[in-house]
Amino acid sequence: MPAEEIFLNLQASFAGLVKSEAQVKGYPTWTVPAQALRPVCDRLRTKFSFDYLDMVTAVDWPASAGAVTQVAASAPAAAPTAAGRDVFELVYLISALSSGIRVCLRCEIPRKEPSIHSLYGIYMAADWQEREVYDLFGINFEGHPNLKRVLTPETQQGHPLRKDYVHVPDSYD
Amino acid sequence: MGIVLDNLPKIEALPGGSIALATSDFLINWSRNSSMWPLTFGLACCAIEMMAAYASRFDFERMGVFPRPTPRQADVMFVAGTVAKKMADPIIRIYKQMPEPKFVIAMGGCANCGGPFYDSYAVVKGVDKIIPVDVYLPGCPPRPEALMYAVIKLQEKIRKMKVKNYHGATALQETGARKLS
Amino acid sequence: MKNYLSFVAEAFVNTLKGLWVTLKVMFLPTITVQYPTEKMVPYPRFRGMLAYDAEACIACGMCVRACPSKCIALAKAAPAPVPAAVEGQPPAPAVRSGPKIEWYTIDYGRCNFCGLCEESCPTKPVKALWHSLDYEAVFSTREEMTRRWKRGDTLWGTARGSADGQFAPVADQIHIQDVPVRK
Amino acid sequence: MTTEETILTKISEPVFNHANGRLLMPEERYWPSRKWKSPWSLPAYRSGAALLAGILSGAVLAAWLIGEIPLRLAPLYSLAEQYALSYGVPLFLFHLAWTVIKAALLLAVPLVNALFAVWWERKVSAHIQSRLGPMYVGRFQGCLQTVADGLKLFLKEDIVPDCADKLVHLLAPVVVVIPAILVFAPVPFGRELIYADLDIGTVYVFAVGGVSVMGIIMAGWASGNKFSLLGGLRSAAQLVSYELPRTFAVIPIIMLAGTLNISAIAGLQAGYWGGILPRWFIFYPVVGQVAFIVFLIASVAETNRVPFDIPEAESELVAGFNTEYSGMKFALFFLSEFAYVLLSCLLMAAFFFGGGEPPLPFLGFLPSWAWFLAKTLTLMFCFLWFRWTFPRFRVDRLMDFNWKFLLPVSLLNIAAAGLLIWLIS
Amino acid sequence: MTDKTSAALKADQMFINFGPQHPSTHGVLRIALTVEGEVVVKAAPDVGYLHRGMEKLFEARTYSQALILTDRLDYISAMHNNLAYCLAVERLAGVQVPLRAEYLRVLTAELNRIASHLVFFGTFAVDMGAFTPFLYAFREREMILDLFEMLCGGRLLYSYVRVGGVSADLPAGWTEKCREFIAFFKPRLKDYDTLLSTNPIFKSRTDGVGLISAAQALSWGLSGPNLRASGPDYDVRKAEPYCVYDKLNFKVPVARTGSCWDRYYCRMLEMGQSAEIALQCLDALAAPELAPEIMTKGVPKMLKPAAGQAYAHVEASRGDLGFYAVSDGSLSPYRMHVRGPSFLNVAILQEILTGCKIADVVAILGSLDIVLGEVDR
């Protein structure tokens, strides 16, 4: 079943599901409302045999045009596309290995107390990838049984991949 | 340091003691030079080149460098790779577990001063911030021969060590250039 | 029982075959390069220690911008003062000399040996900064790792000695070949 | 010339100076695809072969010149005895002194063996892996490498961990090493070249050798390290289990020989069948070969060497029972390991390969100790060869292998030996 | 045995810190093991001992500088990292790559796969207690490293693949050397089989140990040989051919049971296939229509892709390596995420280590072939 049909099928049941304006190049990209993410993935997994979770990651789009990072400050030439949105954009790449279709799901959640449903039970691959996103972005995944820091040490202050992360020098610096 | 070495400097007072001391200095340094057992301990990219140095093409064992898995039996630690902050405490602990005299070779740019991760939030910029380093070896990663060269340089330093003014310190601490922090 | 016996026989034979492989290699020549007495000359494209030619450099700063680990720094020399025109004589023909460096430093400890600086160096016909074939370099302090060049220094520059903290020409930089390859 | 320089010139060590390197251009890199094509054309290869042949022929010549040691020593001994008697030294004192000298020589056996065997192992392993092994220490092929290692270990700091049981931690290497020295007493090194010709030699060797397990368990327990503990437990299980097939493998030999005296067993194998095939026990149909293989495998296991080195399994348990041992204590463990390797090889040479008997009748011009040594070294080479070829067993497979394969086979072999004796008689 | 006796016999549990400094953790992985005697009751892998904040550093580098960082991700197969990164950036910026450069990319990637699997072979053998295969593997690997040194000047970290092409064309004499290596290497594979693959001790330690079912492997997101050893036939080179893989003729080895031996043997077979691909590339490069040209055509030194997102993935030595790049139109990436296959491969340890022996921990860990540089990033 081509990706287009799957999209229409899903759109019938999930109202907020739309095609994103900014496509990930080469892959069909759909924007999913945050509440619908887990049901959508569940449907994809059970009905359309999307059995493989490639990637979970997030992108930080802060409200101010990102003058925080060093390089963005030095080269403010092109305005970021999502300036002023003040959201975390979560990116899920899910594929059906049997049919070779790979779709990209995006959902946006507010930057203040970010939280989203975990995909833990559906894809075990979500386990560590969500922990990584939690570690580096501080996004809370509801229903994740073991949401702890995975990469950075326990003593790490803040979440480094946020654009407004300011490094506090510690004993090793 | 053990009964022998602690009491050895005292024989200088005896007649002919200084010659005996020089002889023992030479023998001690010769044995330390000739059998330098590193810890099998790799952190990142440089560890692969370290492994290549043990392998057939370069064969570190020619110089008596024979890797030991436990720090208790090791003499020299090759800090081969990036020292992340999470790894800093284990490295300090491993260093403390090694018996004296112990030497450290910082291999590669990351262990020297952070290398390409000089502005990272998660990297200790140079292993000398946590443990004393005898020899710094540049390269990213250095060739295996360069590691051998570093060992040869370390041997040259060991050759200058003397039992007389020596209480558990390593080559550079004695000369004052090595700073403990 | 038959299966068991055949398994035992097969295992025995395979074990002997494995022993044969190692025995065979034992009597073949070794491939070890005995490093301190036999030194491998790297291939011409090898990226070894950076060598720098202070005379050829035009102090454009491309290498500084290209370096991913910010290990290069330089200062441009003040332009040579134009000789004041002496009255009664035609003004001296202006000597076309591009900008030159005042000083130039590379922190070898931090260098990535990636070759981006060499690629970005615009001087022609020879590059002012290039990776030599030299890989034997060892430092005993952090201060030594920074090399400094001024005009007139050799390709290996000067380093701060551990004894007096003054910059002095590098004595024991080993040359794999006498003339470093310039690509 | 200062004193230091004088010493330096006497015992020289390689001081690498960087001008003396020979440059190896890119096109002459050592690629095995080029080096292996016709190895005989390489000068280094030919000179190596010539060197080996030279050493071998020199050794043969030396052995021939020395001859049987007891025969040479006998006139010396009687001369010394007369001399002592003429000065009025009581005979028992003289005998005591003679015993002490012999004991000292015996004590030297494991020490010298460790110095040699470690170097040899490193060279053999290196050449199996197409590299060179120790090359510089002591100039010739790194022959002083082990001396330097031992001296360095002697001078290292001796660490006793805080959480260790201090007394047991200290005692463990002692308990390991003392049996390893004692065990050589009834083992022959040639015809009549023996410290104590015990009639129960075989039993003594296995009994005393078994005590070392205690030391290893003590080391594992006392170190206060979990890896050590696991190593100690593993070795307890392994060594106790493999004692059984090892002993059972010898029983056919004892049945055939009718004695427990090791030198007598070795002596019984003199002579040739049909003038060409030596009457060694390994050539007894089926029984001999099976007994040898079982004994060999069990001996490798008893000495904790690959593929049975699970007590110190480097990749699993860091260094097993000696994880927390540094300096000389660690060296003692090493010493005992190689002492047991030597013991196993000596026993195998005595039990299966006719001890000091030459393999072919016309080779009898060499003394018996030379043949003993040659056989022992060949078997030792097998130990090293296995060490550097095989992967390691898993601990439960190891037990399976022992209880389900080696033990039944050795028991069956005893029955087969009975059958053989009945057939012969 | 009644419940009472089994309760009485129940041993105390012991907690073992397996790593971060341990000879067989392939770097600085730490596994917190709870064991009962020799049997593992619970295993919790703990990573991050090599966390270098790579994804943050990407945001502070220009596109050409960031290439240097990708080398340090999976340092054993640096060429694949370069390739995946360049594919992502090329897709982001819409850069075309000359055909000859595509072939060179495939050629070097496959040679690097051989080198990487040789390291796997060696270290796995060391984990199993056999030292000699390690040195044999490194002996052959040195030849590949010689080739790479001749090609791009680096022995381990290459930075060879560039955005828009490769950094340099083949030097003179390289092709012959490469052919010589492949001719030498193929018989060595048989040696390895005799030495290790068919060795009864090795088989008893790996066959049937650390089983991963196909469903488990898919759900945990395994990829590469680890996934194919369990059954699913998924290879990015076949599923989504990049570069010129659709023009090349090769097979993807697939196993069924997902044991350590299967994972090991998949890699061994892959080495042979990689050698075949390399030969095909060498043949193609000799063709006159692929004459040398400028290797990076029309790519500005300071790359400035338009705002957008792109994802590109390649079949690296350890599996499906993906780069997710977000640009905001400036000189450096706005966000660069690395989908490291090792990161997902190591996560499955917590499930499959339960109930195996301590010796099996080493076998399973070795057979998954993780590289901590990629796990921790």
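Labels for the chains are A, B, C, D and E, by order of writing; each one numbers its residues from 1.
Rule of thumb we're sticking to: a contact is a pair of C-beta atoms (placed from the backbone, for glycine too) under 8 Å apart; a residue touches a chain by one contact, two chains touch by 3 or more.
Computed from a predicted model, the values in this text were never measured in an experiment.
Of all chains in the assembly, those touching chain B and also chain E are A, C, D.
With chains reduced to the mean position of their C-alpha atoms, the one farthest from chain C is D. Looking at which of A-B and B-C shares more C-beta pairs in contact, the answer is the pair B-C.
Summarising the inter-chain layout, the chain whose CA centre lies farthest from the centre of chain B is A. If each chain is reduced to the centroid of its CA atoms, chain A and chain E end up 25 Å from each other. Computed centre separation for the pair chain C/chain E is 29 angstrom, with centres defined by C-alpha atoms. Between chain D and chain E the centroid-to-centroid distance comes to 43 Å (mean Cα coordinates, whole Å). Averaged C-alpha coordinates give centres for chain A and chain D that are 63 Å from one another. Residue positions of chain E with contacts to 2 or more other chains are 22-23, 48, 51, 53, 56, 60-61, 68-69, 71, 132, 135-136, 139, 142, 146, 150, 157, 195-196, 199, 376. Contact with two or more other chains is made by residues 16, 26, 29-32, 126, 128-132, 135, 314, 318, 388-390 of chain D.
Counting partner chains per residue, chain C has residues 15, 18, 21-22, 25, 30-34, 36, 39-40, 42-44, 68-69, 112-114, 136, 174 touching two or more of them.
Touching chain pairs in this entry, ordered by label, are A-B, A-E, B-C, B-D, B-E, C-D, C-E, D-E. Chain C meets chain D in the complex at residues 8, 15, 18-19, 21-23, 25-26, 28-34, 36-44, 136, 172, 174, 176-177. Contact residues on chain B toward chain A in their complex (touch as defined above): 85-86, 88, 121-122, 124-125, 129-130. If you check the complex, the residues on chain D that touch chain E are 26, 29, 31-33, 125, 128-131, 226-227, 230, 306-307, 309-310, 313-318, 388-397. Against chain B, the residues of chain E that register as touching in their complex are 20-23, 27-28, 48-54, 56-57, 60, 68-69, 71-72, 75-76, 119, 134-136, 138-139, 141-142, 145, 155-157, 372-373, 376.
Within the complex, the chain A residues that touch chain E are 22-27, 51-55, 57, 59-60, 66, 69-72, 75-81, 91, 93, 97, 100, 102, 104, 123-125, 127-129, 132, 136, 149-153, 160-161, 165.
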